[in-house]
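Read from first to last, the chains carry the letters A, B, C and D; within each, the first residue is number 1.
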Amino acid sequence: MKRLYISPPVAALILAIILFLLSGFLPNGFGNDINIAIAQATNILRLSVFLGVIAAGQTLVILSGYEGIDLSAGSVVTLTAILTYVLVNGRDEKVFYAFLIALLAGALVGLINGLGITFLKISPFVMTLSMSGVVTGLIIIINHGNVSGKVAPIMTRLIARPLSPNIPIPNAIIIWVIFGILMWLLLERTTFGKHVFAIGVNRVTSRLSGINVNATNLAVYSLAGALAGFGGFLVVGNTGVVFIALGQPFLFPSIAAVAVGGTLLSGGKGSYWGTMAGAIVLTLITSLLTTMQMPESIRRVVLGATLLVMISIYGRQRGFRQ
Amino acid sequence: MSRSLSAQHIVKHYGGVVALSDGNLNIQSGEILALIGANGSGKSTMSKVINGVVDFDGGQLLLDDKPVQIPSPQAAKNLGIATVFQELSLVPQMTIADNIWLTREPLKSTKAINRKLINQRTEELLALFEGTLRTKIHPELPVSTLPPDEKQIIEILKAISLNPWLIILDEATASLDSRQVDRLFELIRRWKAEDKAIIFISHRMEEIFRIADRFSVLRNGKTVGDGNMKDITDKQLVQLMIERENVYEFTKASTAAEKTTSTNPVYLEVEDLETDTIRGISFKVKEGELVGIGGLRGQGQRDLLLAIFGDIPYSGKIKIKDQAVHFKNPRTAIKHSIALVPGERAREGLLYIRSILENLHLPNWDKYGFPLKIRKAQEDARKIGLRLNLVMASLMEPVSSLSGGNAQKVVIGKWLLRDPQCYLLDDPTKGVDVNTKSEFYSLLTGLCKDGKTILFYSSDDDELIGLCDRVLVLHDGVIRAELTGETLTKENLVAASLGVTNGGAA
Amino acid sequence: MLKKSLFYIGMLTLIASMILSACAAPTAAPEVTTAPATEAVQPTEVVATQAPATEAVQEPTTKKFTIGISNPFISSEYRTQMIAELIETNKEYMDKGLTNELVIESVDTDVAGQIQQLQNLMAKNVDAILVNPGDVNGLNATLEEAVKKGILVISVDQELNVPGVYNVGIDQKEWAKTSAKWLAEKLGGKGNIVQIEGFPGHPANVVRMEGVAEVLKDYPDIKVLASDTGKWDEATGQQVMSNFLAAYPNLDGYWTQDGMAIGALQAVIAANPPKWPIAVGEGRCQFLKLWEEVLKDHPDFDSVAVANPPGVSPTGLRIAINMLLGKQVDKTKLGGVNGLSFVIPVPIVVTKDNLQEGLDICKDKPDVYLLDGIMSEEEVLSTFFVK
Amino acid sequence: MRRTSWETLTTKYPALFSIILIVVALLINLSLQPNLFSRDTLNSNLRVFLPSVLLAVGQAFVILGGGIDISVGGIVSIVNTVLAVQVGLNGSVEKMWLYVGISLLIGIICGALNGFFIAVLRLQPIITTYATSFLFGGLALFVLPNPGGGIPQSIANIYRSTTPLGIPLGFYIIAILILLWQYLRSTRYGSYLYSVGGKADAAYETGVPVTWINFSTYVISGLMAALSGIAITMLSGSGNAEIGSPMTLTAITAVVIGGTPLSGGIGGITGPIMGALTLGIIQNIVSFAHVNTWWETFVKATIIVVALAAPGIINLFGRRKS
């Protein structure tokens, strides 16, 4: 018996479409009003963007294997959002500068993560968890009650607004699509990307094949930090305001998005397309539960159960008995 | 009581791949059966069926002529069947004693494990291989600290400790040196005398003829012949295995009579190399020369290659084309046109879940620019595949879909594309079927003809003698002998391996 | 293995013996510091209205009070502003020589962690504890212990029902009712609205939503189409509002609270529906500025901002110090379940009419500044203490 | 012998570093808080630390067996809400005992659920327990949507202020846990646990009941989480469905600081217990060291990062020298 094989990103996307269609027939759904359906679909996609971008760094780190995970992503998002907010302070001309600082700050946190994980052999889970605490500490120090700034108009226009009044596609979605292509290029069409997969599978083989494993690992964590920084920049462009708990709600969903997208949590196999699909699925479920007016307790149960079902479909590890 | 086990018409699929289509096997107590077949012929699957690791799709097992189910390794053990695995079933973090007695630990009345007894029994088992072990082994050493051959011996002891009536030795000799093999064979004969049954799986024809009473040959998952060893010759056996004639004639072609390496310039020069396990190693290798490294297993051969490749720290001088180099990591060694084919291909040479294409290009991606020219890469990989006669469904299939020999071709193939000047080979034919072996030999010969320098460690003495211009024999971390031309005989090689110094010019 | 267990047991007994020997030593006597401030109705009435400075001259033995702060949640602007204002307010009293520097325990932590905070404050022999509780009942036993030790305990921002523990805060239900009433009236008692609430189950949120429900009961023609949690943060609030706007493009209004209001308004701006809903906002400078901005393009837009002042904590600090000084509380002014609550009035309600007033306050304040009100020393004395 | 003696020591006594760490932390704490070892201070500290100690012990079992359990906080919450709702502030002692029993059962069932998905269905531990943490958290909210309820003060006081022979109750519990562990370690179960965590395939081929061992670690973790839930309920006396969620990550950090790496098969239980205590002591140190409020979070997190990095730094240093 040859089993029908559907690649995880496609499976997640199909699931997303089914869920979306299903949501249409709920009491508060779009029914058969095509305009509302499009509006809802656009909206969900737009909301997925931020989770999707933040999950990009997570994808890289998880792909790099050896229990790779980045639990500092949430606080890095907050940190870089606050930095952007303060540095830009309403001035369009400062946006690019703030953008670079956001990436750099994220990369710096990522670099420290990478150093601890690569050279001090601290497990990524605990290292990034502890760094998350350090970054939160930094945020408190920077913030302490009187952070002052403002998002520049150009950021709002480029991120939160639609392309043009006639084309109601939010810019964020366009940014995401371009970002997705860049991520694909990075993972599949650069030496670095190939090396990320390689160190995710087997670091001895990688080393003996001439890959600089430590440098690649450092680069992965730094890049993941920078991508979280980019996420922070985008999020603040969307919300227009900052607050200390801005990034934390994105953390665990970012990991879930990677898993739902079919990337092996043990590393070495997966794609950013999958993560994008995963981000859409998660956002859809959340929004679906909102539309259904479930109490919080039921929502959590449903979310948990759905996750379980999805990982049961393609998250199973090889059995011992063959 | 005489016991017997019989496997009849066993069928096993892995996904779409047929591992066994009609596997048959009969063994009785007091008998040594050699299970023979090329790589990928289903030998390991067969042993796993008997051991309960594999859930087979068709056929049946008979124990003492009665149908029997063996649903788990535990069940196999309860039936008195023990297996020595090719891939070790040892837990590296645990001690030798814990590993051997795992699941059968002697308990005190408090249900706590009786440490004293367990250590004592372990000592008794270790005594069986006394004299062939390099280090003084204590039962409470973690297994991870042992060299591969000693791990293999622990694995064997673990099987024996069960006191089974049937022992399956799956490539158990592959990482043992000749003294250890000798000792193992003594033990096997003793077990035979005790009316035990032994299934012996090996690629070494010589060993099979030395020890086995009967043979059973698998080809492409199907049992194609069985009988008594004394009724068959090695050539006939090989023919059964591969349906082709005369490939076993591997050695003669190699040294390529017209070679004039003596006039070639020296490529690699090693002087007074020292690491944790080797010392005072000095030698020179010319371009176009194939120099063998021999000796018993674990005498520092691996470290020698890894040191040259920059993977482990060393002191001493290494010169390439008269230029002193000191590689701090494999990366720089590769940049200096050196390649290494590591000893454990699964652990060191391959990315199992990635595609064949990616494995072939692992060291080579930087050649394809940005964005990577995938089409060009595929074309190059296909060429390599053709050159190596790589049997595969597609370049995009994972390496895990390949048989052992084909996987090893990928390990070598990834270097061919870089076309390095110097190859370091760490026992590349270990666990590879004869067919693939002969392909390797002609590949190596070809490389030498192109002026490449090859340093070739092999645990197979015949291979070294047949293939190499010169063999450096390592013993206990030093070069005990350098054998060339007339001195390159099996006698001298074995003598030098054992540390006897009359084996030729040192 | 035996050796190993012996090793560990040895370590344990070592530590245990250290403790035993320490136990034998007399423990510090916390009784000494017991200042029965709450009950002591000494002749303080006489000196009550006098300036503390003269008091200090008369009684050179007056010790400086140490006041401890316990805060288990730092990831919100409300809390950071609260801490900053507490430090600021305490400076006044330090200058007068009445208090020492505040002992502040403020990190993100769980119930056990806040219990540890309180225990540490007790161990530091503070005279009063201002606690912003992370759990309604979880600290009860610990706080009672503190009260028994003679420490003045005041819960700020969140009402507790623990004997001997005072509460200082606004009336959360009334606070929510103010904006809900405003919304209902603006809608003319008719229309479709949605609600975005804080953490479901969080006591403040529960009371607030009760308030809203009470108000809406009087307006049967106002239909609540949907209600969801914005988890008290801007991003989630924005996300939820976006969902609502996509599902119900013809909303008449929405009710929300705190930081989520900014997110909700951002969502409305992004969606730019044909008809802008009437919005409940929040008393934060950021919101007021956004509001001002929106008015430029949509002069019909209407909103309200009811301040939720972090200043209740510094007000609580003033109350605590005065109580420690022995001044008598006018019990008739106290409310709450056990008659121990100081109810602070909402300092300011901003509507379209007085928006400029609110913006003026914000002029020299950071964007995250919450419209605030700290009662002055005089206000505190005249409002809550016996004259 | 290229190995540094430090490495040899830590292999032999995995808890060594954690014991050094805790002694150092205790000494610093003592210098800042001279009455640390008085009975009251000690008791009040231990009763606060005990819930996370119990949680760390359960977590350590799972981690030793090669998994991870991030759903324990949810189990703590369920137990807490069930006790708070069912026993109530005016409940009887008998009722309390009954529901303590039921709580333990709940812990076992939740653990068994995790075990079923991970050991039997062979799903990835991190993402599975992440999913079940939603499930459990949702159930807790279902039991008790709004904080409230509780257990009688008199029963809570048993936990809060029992000090037999002048030594806090927590000490006895910790001593019992260590003794139990040392015994368990020496039985066949201990051997199985290490073999499964070390190399599950090999253990399976040897005939170790891998599935059951894996399963059992999650059941133990669930049981310990239930105990932890009972302890925190006795400590706080009240019910709150969110009570457990912040505890999970602390417990995992405690296990790693205690010298039991997330890779499994190495370490023990004693270390994690010390680790959990150390984390509590670090909080004390930060509290008594008069750190500026705004720096408190940063300082605390940095101390934890340094504590995590210390063994790695020692190893790096040791290797350089040899």
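Rule of thumb we're sticking to: a residue touches a chain if its C-beta (ideal position, glycine included) is under 8 Å from a C-beta of that chain, and two chains touch if they have at least 3 such contacts.
These numbers come from a predicted model, not from an experiment.
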item	value
Selected pair, greater C-beta contact count between B-D and A-C	A-C
Taking each chain's C-alpha mean as its centre, the one farthest from subunit D	B
Whole-Å gap separating subunit C and subunit D, where each centre is the average of the chain's CA atoms	32
Distance from subunit B to subunit A - Cα centre to Cα centre, in angstrom	44
Residues of subunit B engaged with two or more neighbouring chains	53, 72, 112-113, 115
Subunit A, residues touching no fewer than two other chains	136, 140, 144, 295-296, 320-321
Junction residues of subunit D, two or more chains touched	141, 145, 186, 201, 204, 241, 296-297, 300
Contact footprint of subunit D on subunit C as seen in their complex	1, 4-5, 7-9, 11-12, 15-16, 18-23, 25, 27-28, 74, 83, 87, 104-113, 115-117, 119-120, 122-124, 135-141, 199-203, 206
Complex contacts: residues of subunit A adjacent to subunit D	67, 69, 71, 116, 119-123, 125-127, 129-134, 136-138, 140-141, 144, 252, 255-256, 259, 265-266, 295-305, 307-308, 311-312, 315-321
Interface residues, subunit A side, partner subunit C - complex	28-30, 36, 39-40, 42-44, 46-47, 50, 136, 140, 143-150, 160-161, 170, 235, 238-246, 248-249, 287, 290-291, 293, 295-296
Touching residues (chain side subunit B, partner subunit A) in the complex	14-16, 48, 53-55, 72, 309, 311, 329-331, 333-335, 340, 342, 347-354, 358, 361-363, 365-366, 368, 370-372, 374, 414
Residues of subunit D that touch subunit A when the two form their complex	68, 117, 121-124, 126-128, 130-142, 145, 200-201, 204, 210-211, 241, 249, 252-253, 256, 261-263, 294-302, 304-305, 308-309, 312-313, 315-316
